[in-house]
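First, the structure itself, so that you have it in front of you.
For reference, chains read A, B, C and D in written order, and residue numbers begin at 1 within each chain.
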Amino acid sequence: MRNVVETTPEGNMVLNVGPQHPSTHGVLHLFITVNGETILNLDPNIGYIHRSIEKMCESLSYRQFIYSTSRMDYLSAHMNNHGCALTVEKGLQVEVPVRAEVIRVIISELTRLASHQLWWGSLAMDLGALSPFFYAFREREMITDIMEETCGARLTMNYIVPGGVMADIHPDFQRKVKEFIVQFKSKIGEYHELVTNNVIFQNRTKGIGILSKEDAISYGCTGPTARGSGLSCDMRKIYPYSAYKNIQFNEILETEGDSFARYMVRMREMEESVNIIEQLIDNIPEGEFLAKTKAVLKLPKGEFYTRLETARGELGVYIVSEGGTTPYRIKFRSPGFSNLSALNHMIKGHKIGDLVSVMGTLDLVIPDIDR
Amino acid sequence: MENEPLLNSLQTGFPETATVMGSDWPEMSIESTQLLEVIAKLKGSDDWDFNYLFCETCVDWKTHFTMVYHLSSTQYRHSMVLKAKVDREIPQIESLVKFYKTAEMLEREVYDLFGVQFLNHPDLRRLLLTEDWVGYPLRKDYYDPINMIKL
Amino acid sequence: MNAQEIIFYLIAAYILGTGIMAVTTHRIFRAAIWLLFSLVGIASLYFWMDLEFIAAIQIVVYVGGIVVLIIFSVFLTQKAGNEMPVALKSRTLPAAFASLFALAFTANILLHHNFGSASNVMFDPNIDKIGMAMLNTGAGGYILPFEVVSMLLLAAMIGCIVIAMKIKKEENQ
Amino acid sequence: MFSIENILNSFHKWLGSMLNQTNVMLIEMALIAFFAITLFAILGLVLVYLERKVSAFIQIRKGPNRVGPFGIFQTTADTLKLIVKESFMPDKVDKFLYQLAPFIVMITAMLLLAPIPFARGVQIWNINIGVFYVTAVSSLSVIGILMAGWASSNKYSLLGAMRSGAQIVSYELSAGMAILSIIVLTGSLNLQDIIASQENGWWIFKGHIPALVAFVIYIIAVTAETNRAPFDLAEAESELTGGFHTEYAGMRFALFFLAEYINIFIVCAIGATLFFGGWMPFHIGNWQAFNHVMDFIPSSIWFFGKTFFLILLIMWFRWTFPRLRVDQLLNLEWKYLLPISMLNLLVMTLIAIKGWHF
């Protein structure tokens, strides 16, 4: 975090975007140096919501620390928990029941859908179209209702525990998910009519904030941001985990690397998520939903790393264990952090209005960056 | 490349360094002075092509720091871990910004939370904490009686 | 004194007062705003004379055009909010002489002009007639000044475009 | 027949029989001022309520529905809140200009009300140059916005003011051109004359395609001039947090807010007068019987019906489109709207000279 400045030595105006700004969607602070409306430089100033989750986790047991990760990327809370659980399970060498794996994946994909719908609504809102937000929430509400019934919470679900899931699915779960799929499929065309096909929207996003594939690699971008630049980086494909091993789905790639490409990746990803859920929802195997584990978990001495795909990109969970009941060191490689680092490169030379469209398509969640 | 052949080729490529199989990927341990040379070889070589730094962090072992670099190749889809030992009294290591632009932010974070000095880093400042913050919170000996909650 | 005269003196005092404020204030943006008020006052004087067309022209050209232009150029200068420094003595004297000369010149003309009685002349500000007079080549026609002004404006516009294009070229290099 | 015109005339006569000329004028001025302010307040309440309901309808939600039947007192409650709210002033503002700016915007909106013909024979000031007066005075409001933006000593406000200035000054041109094309047809700037010329049909139907083009350009340009989405760059809450009124709160903010809605009403009223015949009922050429039936609907209903139709159109824009970027906005004006409207004006002139219109 740095202190506020008014102008650069050259006399260009420094505009403080944030920490409270409508389009940063959280307490992100950007120093942008502008010449008129053109952005010359951008310096992200983060840490306003830094809670030092990594330090906190060092004093929490392996059962406890998972819950604090829901508060990182709160829109992919389930995937964060999943990553932690996978790492702990890897250390414990626990076999997770197939039923739990399938449930985890279905809920992951529902979370991804919910996250992308929120992103879609808020992107449109950032660009000045206020109505799509409500259309997005119409479907998102169905997902959060499903979550509420099965996981007990609507946003920070904390549904995953090492060895499986915390509770079995609600009896209505399958019916409601199918209802949602029918509803979503009938409404996705509406999404495209409202936003994608709008001329103003296309003018605002096409050719804006171009990130080449080379830069995406160098900046360590992941998720839809990198896939919009043609970089294949879907961890569900590269390191298939849980039930992703056994299902057919496509990795969505666009090659233009502009805001519109990133937008299209997420839009098509939503349809792909529905495809994944459709494959699994009728085939949830019977059996246990939680493997038997000891009351107090102790990871063997060693280092464990899991890469998995959240709604925003690759999440890395790195646990260094000294054999105790708490992690010795834990590191979360969050997708938003790396994506944010590319923002300066993408936005240079564009107008202030474009900052909104580029930041919107990066889909930043600030607690995910600050941790 | 799969992990086994990668481990073998790394062992042949760097005979003097210790390369072992970790829980996920091959792990190579080097001294901090060797870093640039090793990275240049890893990234430049056509066999490995480690062009993607997906995680860079630090571990405080109380006697020394270990910088941990997780490298991957977008072409061959293999990954490895590179560990560099850093002295705890004079924590200095070369910056990787000229190889990976993502290192700029990641190294600022490590500098902020561990106090590791990155040589030749273009813009080494505090990142998450305020500029006048005293101490490096992720060090094991850091103690803050007000903000820290001991469980 | 009837109501009309009272209104006239009110407007006149308003124009003079805001004019004085415009030249005495030490903040450049406020000076522009006082100038604006003064110009609006002149427009209201035209309204008072039932010269609606001229009044509207006054607002469009001076208020909507020139003052906006002035304000924009104030925006572009740095530290527009600060108090302006007091003018140098070496500058005040010539300025005073210049304005005194202008005052004397105008007063001389005004005093020697033979004003007709205003109430006898009926204005008919019909836009048909204004349009005809504007584009008339005969006696009392204004086609030549109209064309000259058009040329001037065209030249100014082309100049703007040239300046704008130059900056773009530099950016590309 | 019962009409507002008759009531007003008999009231005028009644006053004249009791008092002398000057006092009649003074009383009528006071009454007009009172009615203008009342109209302002009512229009503000109605339009804000309408906007909320329209947005709710478009956004598949209910909108205000708790305060009063169908939530009609919601805006009243909001107004009360804004009045009671503390009008704080930031530290480094230019106090004089900061306080003056909302009033400039408001006074401009009030002045614009003068020449609008609300019904047959109901007009505050039958000014000879009606439309031109509106164009001229409306250019004053940009000064208020520039003042607000500059005096707030906030960078966002300044950027918003700059955008607004560039936008309003640019779009005035094509709005003026669109208005001119109707002036060319009628040969008069007087709004009463313009309405009278539409006795046999409205210009939008009589003026062939050029009138339609002029209408579309007019609607786009006035949407931009009133800083409404998709041209609300001056406010652009996701980019500039609030634009020129970022630093305003309470009643001062409410004045900006109200002025925006009054301006919408005025531009729509002018649009309705120019293209849809103002209070003139819907007439078709020689269909005497039909025209007679249409005449039974009071002229004020015709006027407000047309005006609110246009207002709904502009509200529909706002809740549908994303916002343009500042350079796209200026490109749209200078590269598309202005050339088209110039060409359109030429075609219109040709039509007017040759008498090709109906």
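The rule is simple: contacts are C-beta pairs under 8 Å (C-beta built on N, C-alpha and C of every residue); 3 or more make two chains touch, one makes a residue touch a chain.
This one's a predicted model, so the numbers in the text were calculated from it and none came from an experiment.
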* Asked: Using direct touches as single steps, what is the fewest number of steps from chain A over to chain C?
  -> 2
* Return the chains common to the contact lists of chain B and chain D. => A
* Centre distance in Å when chain A and chain D are each reduced to the mean of their C-alpha atoms -> 45
* Could you grab the centroid distance between chain A and chain B? Build each centroid from C-alpha atoms only and quote it in angstrom. => 24
* Asked: For chain C and chain D, what's the span in angstrom between their mean Cα positions?
  -> 28
* Determine the centre-to-centre distance between chain B and chain C, using the mean Cα coordinates as centres, and give it in whole Å. => 69
* Using the contact definition from the top, classify how the chains connect: line, ring, star, complete or other. => line
* Chains grouped in pairs wherever the two touch, ordered by label -> A-B, A-D, C-D
* Within their complex, state which residues of chain A touch chain B. => 1-3, 46-47, 50, 52, 54-56, 59-60, 90-91, 215, 217-222, 231-233, 238, 302-305, 307, 314, 316, 318, 320, 328-329, 331, 333, 337-338, 340-342, 345, 370
* Provide the residue numbers of chain A that touch chain D in the complex, in ascending order. => 13, 15-16, 21-23, 37, 124-131, 133-135, 138, 195, 198, 200-201, 203-204, 351-356
* To do: Flag every residue of chain D that touches chain A in the complex, lowest number first.
  => 55, 58-61, 155-156, 159, 163, 229-230, 232-233, 236-241, 319-328
* Structure fact -> Listed in rising order, chain D residues that touch chain C in their complex are 22, 94, 96-97, 100, 127-129, 132-133, 135-137, 139-140, 142-143, 146-147, 150-151, 153, 158, 161-162, 165, 169, 172, 183, 187-189
* Residue numbers on chain B that touch chain A, as the complex places them -> 22-25, 27, 51-55, 57, 59-60, 68, 70, 74, 77, 81, 100-102, 104-106, 109, 113, 125-131, 137-138, 148-151
